[in-house]
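Here chain A shows up in two complexes: once beside chain B, once beside chain C.
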Partner chain A sequence: MNVFWSDWSAIDTWIVITAALAAMACALPGTFLLLRRESLMGDALSHATLPGMVLAFLVLNAATQAGWLTPAGMTAWRHPALFVGAAISGVLCGLLAELLQRWGRMEPSAALGVVFTSLFALGLLLIRTWADQAHIDPGCVLYGNLEMVIADPFGQSGIPRAVVINGAMLAVNATLLLLFYKEIKLCTFDRDLARSLGIPADRVHLMLLAMTGATVVAAFESVGSILVIAMLVAPPATALLLSDRLGGVLIGALIVAVVTAFGGHLAALALPVMLHRWAGAAEASSVSTAGMMAVVAGGLFLTTWFLSPRYGLLRQRLDQARLRRRILSEDILGVLYRLEELRPAAVPGADNASLAATLSVAPWRLWRALSRLTQRGWIVAGGQGVILTPEGRKAARDLVRSHRLWESYLAKHFVIPDRRLHTLAEAAEHFVGPKIQEALAEELEQPVRDPHGATIPPSTAS
Partner chain B sequence: MDPFLFLESLTLAETEWARVLLLRDYNTRIVLCGTMILGVASGVVGALMLLRKRALVADVASHAALPGIGAAYLIMEAIRPDSGRWLPGLLLGATVSASCGLLFAQGMRHIRRIKEDAALAITLSLFFGMGVVLLTWIQSLPTGHAAGLNEFIFGKAAALLASDITGIAIAAVIAVSVVALLRKEFCLLCFDAEYAHAGGWPVTGLDLLLTALVIVITVVGMQSVGLLLVVALMVLPPTAARFWTDRFDPLVWFSGGFGGAAAALGVLLSALVPKFAAGAVIVLSGTFLFALSFLFGSQRGLWWRYRAMSAAQRQIAIDDLLRACYEILEPQLGSIEELTEKPLTQAALLETHRWSPKRLRPLLHRAELADLLRRDSQGNWRLTADGRRAAIQAVRYHRLCELYLIHYADVPLLGADRTADAFEHSLRPEILEQLEAMLEAQSPRFSVPANPHAATETVARTPRPEAVS
Partner chain C sequence: MSDPSSPLSVHDLTVAYQRQPVLWNIDYEAPAARLVAIVGPNGAGKSTLIKALLDLIPRATGEVQFFSQTYQQSRQRVAYVPQRTTVDWDFPVTAHDVVTMGLYGRLGWFRPVTRAAKRESLEALERVGLADFAKRQISQLSGGQQQRVFLARALVQQADLYLMDEPFAGVDAATERTIVGLLQGLRGEGKTALVVHHDLQTVNEYFDDVLLLNMRVIAAGPVATVFNAENLKRTYGGKLALLDQVGHQMVLAGRPQ
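Take a look at the complex of A and B:
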């Protein structure tokens, strides 16, 4: 890594700062888009802002030609005008989609698709027809020129303009969120409740839309649409896997956004060098930083999906495996108990082969479960193979009691054929705790025998 | 461009129009043919995607194809320099990576927290990011020029070649014939996937097949007409067709037709007007067709719905007016026949129903035209015979609803009037019959139930009638 650090310069610092600010500014409205299930809005806006930009440019051009603006004035007004034009057409896109949804009863994604493809085509047509000289390079809008932020300082200070714009946008978003946190939250999660409480839900929605539009447009120019699309959805989605509270998700999204910006730039610096050195690929001067950040954002999301403590794939699999192990152990106890019950005079216990056949499990699973049970002191070697210890017998009796109580309960209250009772109880017995046992016994008036005539063992607690 | 020049280019010599419209131009013929075939195929497939509520999957597929194109280029260059732009190889790369992207999005459906739209957006940004990284990398290679790869993003509809058409036609024939062959299965999938699953249909397989069709069309279309156009052609025609029909088969074929029509319209326009880029004009033609359908579509068009709604509102206003007339006259009536003989003043009407004079005047005028009210010599209003019948009916419906609300829905007496106002106009005849039977126990005056508000005590004392079976 030392190679990259030695090359690190002020330019790199500014790139990371710009990207981090833009990403944080996007993550805030992005969280609400995600919660409202409008995540594709980022992609839609990145296309829909084109006609607004072109029209703003044309208006400026016309004004200059008519003599209302000097060429110097035009350069000064260029950025604000493009910003306003793009923001207006972005908000228009959201409003039109909403309108089509309401009046045409269209599905949200279809409405969005209709609007943004049309607006983008309109923008392209305007460019080709009237603004050939406009220097609006679609590629530049796409990839952004993050690498060049330093070349465009704000006034006399050395701070890049993009940092100021995106920082201001972040501040505006954060302020609006803090001011209207309660209203926005309510409108996001329960629009009807919000409306019945007298909160103007439509206006709040419009505010969010304007916020999204302005943020996205501010970020486009400096970091490119690809990064904006990624930053609107990936950090909030990552945070959503980690937190259950809106505040937590928002803060998490901000942190993920910063990490993404830093990691993305690092990866963009490292990747070509690494590929060159280890894979023998041809030397390439650079890859798109914005694109790399989008990849890192996706990668962070995937990593979180695997490792998240609550919703992670790994956690799910571990929980499932643990449950499966518990069920198998309990089943073994049940089999041993029933054998003792069935043949009180015979040599107690069972060997591995017959257990594996009865429970139809793979030998290695059985072996693992048996060793765990031995460790807990519930079974010991003896008899025909393994036998229950007094401790183990107690646990087994508990389980069989659950099983038979459940059978009796099902038989009393539901019309279920007798042979199905056992299968159903087999599944339920592992989840009937002492409380439910007690309730069942009370409901069935302390039964002694189950529907098949077997004795229901007494409660182990008593 | 100067507006006059633009107008001039529109009013070209007649020969120019004829040349374009009669397709004398070989190039126009090729482009028209290719885009129309693509339009029909993507319209057909897009209709299924719309019904499956996945209209934007094509958008994601087209973005997700990008890294495949870059990777295919790099691999082919590594194998043999200067072979990187071999088209079938690039298309294969695009197909593989688009498929990976959509499978990835499908896999994310297993996370409870992440909804479908977020899964699609994350896939899009991740794959598109990879694509951008690869393309910028290729661009910066000493040997590489990404020129030609960019066409995948922005398209080159106007420069289609005869060889492109073969590819498009094959893809289109495959797509349309698969849809035609599996019509029933797709229909089931689109309308009730769970039922299809319970019925033993391979829902996952069908979904994958549908996704594969989308990918094929997207990849072929991207290469020939550009990323945006192919997405638009999958979204615009089906949404437009949805306003014309509520049935599956017509929707699919209408959608195909709209796709073809949009392509034809766009190509012809762009051939007629110089500087009109074909891709953008095709999309805008699709938008035009959509707007037309949205406004005037026979099934759910805004215009027809507006007409129906304002007609209903007019009818409701007339009903309210007649009811007001009846209620004003009611205290003075000896028998129901006298209804036509008593005069009504405009002031009394204004007082009863909180109409503004501005609203009442056209209302009275309309009632007069419909021969429900007439003016007598003193300038007062009187009900005609028709008006009497309509007024009795309106009052009857209103009171039946009110009584029902008071007796069965436990609506307080004061609220019943307003609540009944809201739904008395939209009751079906069988329900009214039931209400009548239910309230027969009360001997009504003039076959109109008594006003429950005037006779609060009697209503309160009447035993609650048994419910009608």
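Take a look at the complex of A and C:
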């Protein structure tokens, strides 16, 4: 780490600040696009804003040439004009897509696809026709120009212009969101209710599109078009795995955005060094911070998806494994209990082989379950293998009671063959629990025998 | 219109999807302080009717008045319970949040959700028996509980007319009892509910009035007089093939009306 920590300079700090502000500005509208399942709208808008920006540029040019604006005034107005142009064409893109959908009977994504590519083409055409001298660098368009932010300060302040622009965009987005929080929330969740309450859901949606369009343009210049899309989607998607409150998701997305910016730049610094040292690669001069941010964003999402405490893959797998173990243990208790019922005098017990065969389970799973039950003090060695302790017998009785009550309940309401009845109850018995058990017994008027004629054991609770 | 106290009066309402009419010339006066079942086969236009009344979908022709006013003027007095399947239940909000949404219109623009509003929505959750579930994310509720959340959201609006789209669809027995109890409570307060209903067996038991619908109004009035075998046969019998065909001809001719 020290290798590049010592090289950390003001430039690095500004790069991280710029990237963080851009990512945070994107995360706010991105969250709502994600919740509307319209994430690719960001991609569409980043293209669709081109004609608006070109037109704004042309209008300013014309105004300067006509003498309405001084060249200095033109420089001052350039950015605001570009944003207005971008926001307008963003709204236009949304409106046109909506119209095509409604009148052209097109599927939403198809309509959007037609509209944004057409608008992009229009933008290119405008450039070729009237602004051919405009310089467009494809590398800059894709990856942005984060490394150079310091070279373009805002006025005399020494603060990079990109920081001011993205910071302003973040402030605008945050303000709009605070002002219209409930309306945006409701329109995203339930458009019909919003409209029936008199909230113009369509206009709120267009505002979101205008926000997204302007944000994309603000971030675009510094972080590039690919990363803009990553920042619109990845931080909100990650945060959505961590919180199930809208406020939590928004704050989480902002935090993930900052972490992504910082991590992305660190990775961009560290990667060439590491590649050089370990893989023997030639020392690369630089790795794009923006590109690494996209990588980090993806990595954070995957990690979260895997480890998230509530919805994570790992957690799901662990829960499933635990459930399987519980079911197996309970099944063992059930088998032992039924053996005792069959031969009440003998306390027969069961050995591993017959248990494994009865429950059709792998020997090592059975062995693990048996040792767990022994540890809990529910079974001990005895009879032909293991037998129930009084504690274990109580648990087993409870389970068998659930099983037979469930069989009785099913038999009361449905015509099901005996064999099938048993299989169904075998699956359901683990999920009955004391409350439902009581309710079942009550509805069946405290039955004594199950449909097969076996005794339903009395409740262990009483 | 004829009766100034009528919570809803519809005159010659026609609705077309992709120019093909799905509801034809609907005329209807809803009686005050009654529970009305809207009954008809699939594709009869029951949901479409409710949505068209609320301006959620455009209507080709017709006039709709709520309490002798336009919908814009009487919004506060009308509450809508959409079908449960119309929203994304994975959305990151709690049951309490969803109920509070019913108050967003009354709260007004730029205002944060007040403490009083939160208390009001919690009371509504209590009325549907879900106070203990207020803080649950909505995907962790059962189908019946989700439906009750929607009902609570309509209750907080304190409307005088409730339009409900299949509140009984796919709910458990406890929820069904809760909904019936609530409906009767609303009627007791002099309010009216129009409920899209699928279970013909319970129409008699739950409702006072019925509106039999199959692209047109087949019959409307008190359950005792209107809900009989003959009217049901007219509602469900046949697919009204000719009506469909004429609609189709209109589409081909490119003229909605």
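Just so it is clear, the second predicted complex is superposed on the first by the 409 of 462 C-alpha atoms of A that agree within 3 Å, B and C clash if a C-alpha of one lies under 4 Å from a C-alpha of the other, contacts with A are read in each partner's own complex, and residues count from 1 in each chain.
We adopt the following convention: a contact is a pair of C-beta atoms (placed from the backbone, for glycine too) under 8 Å apart; a residue touches a chain by one contact, two chains touch by 3 or more.
Quantities reported herein were computed from a predicted structural model and do not represent experimental measurements.
Superposition note: with chain A as the common reference, chain B and chain C are in steric clash.
In the superposition on chain A, contact of A:L186 is made with chain C only, not with chain B.
By the touch criterion defined above, A:A218 reaches neither chain B nor chain C. After overlaying the two complexes on the shared chain, residue contacts for A:S196 are found with chain C alone; chain B is out of touch. In the overlay built on the shared chain, the residue A:L208 is in contact with neither chain B nor chain C. More residues of chain A lie in touch with B than with the remaining chain of the pair chain B and chain C. When both complexes are overlaid on chain A, the residue A:E38 reaches chain B alone and has no touch with chain C.
Once the two complexes are overlaid on the shared chain, A:V54 sits clear of chain B and of chain C alike.
By the document's definition of touching, of the two partners only chain B reaches A:W103; chain C does not.
Of the two partner chains, chain C is the only one that A:R245 touches; chain B does not reach it.
Of the two partner chains, neither chain B nor chain C is touched by A:L440.
Shared contact residues of chain A, touching chain B in one structure and chain C in the other: 37, 105, 240. Residue ranges on chain A touching chain C, taken from their complex, read 35, 37, 105, 179-183, 185-186, 188-190, 192-199, 240, 243-246, 248-249. Every residue of chain B that touches chain A in the complex is listed here, in rising order: 1, 50, 53-56, 59, 63, 108, 111-118, 120-122, 124-126, 128-137, 140-143, 150, 153-154, 228-229, 231-232, 235-236, 238-239, 242-243, 275-277, 279-281, 283-284, 286-287, 290, 294, 300, 302.
Residues 18, 51, 54-56, 72, 75, 78, 80, 82, 86-88, 91-94, 97-98, 101-102, 104-105, 107, 109-113, 137, 139, 153 of chain C are the ones touching chain A in the complex. In the complex of the two chains, the chain A residues touching chain B come out as 34, 37-40, 42-43, 47, 100, 103-107, 109-114, 117-118, 120-122, 124-125, 128-130, 138-139, 142-143, 226, 229-230, 232-234, 237, 240-241, 268, 271-272, 282-288, 290-295, 297-299, 301, 305, 311.
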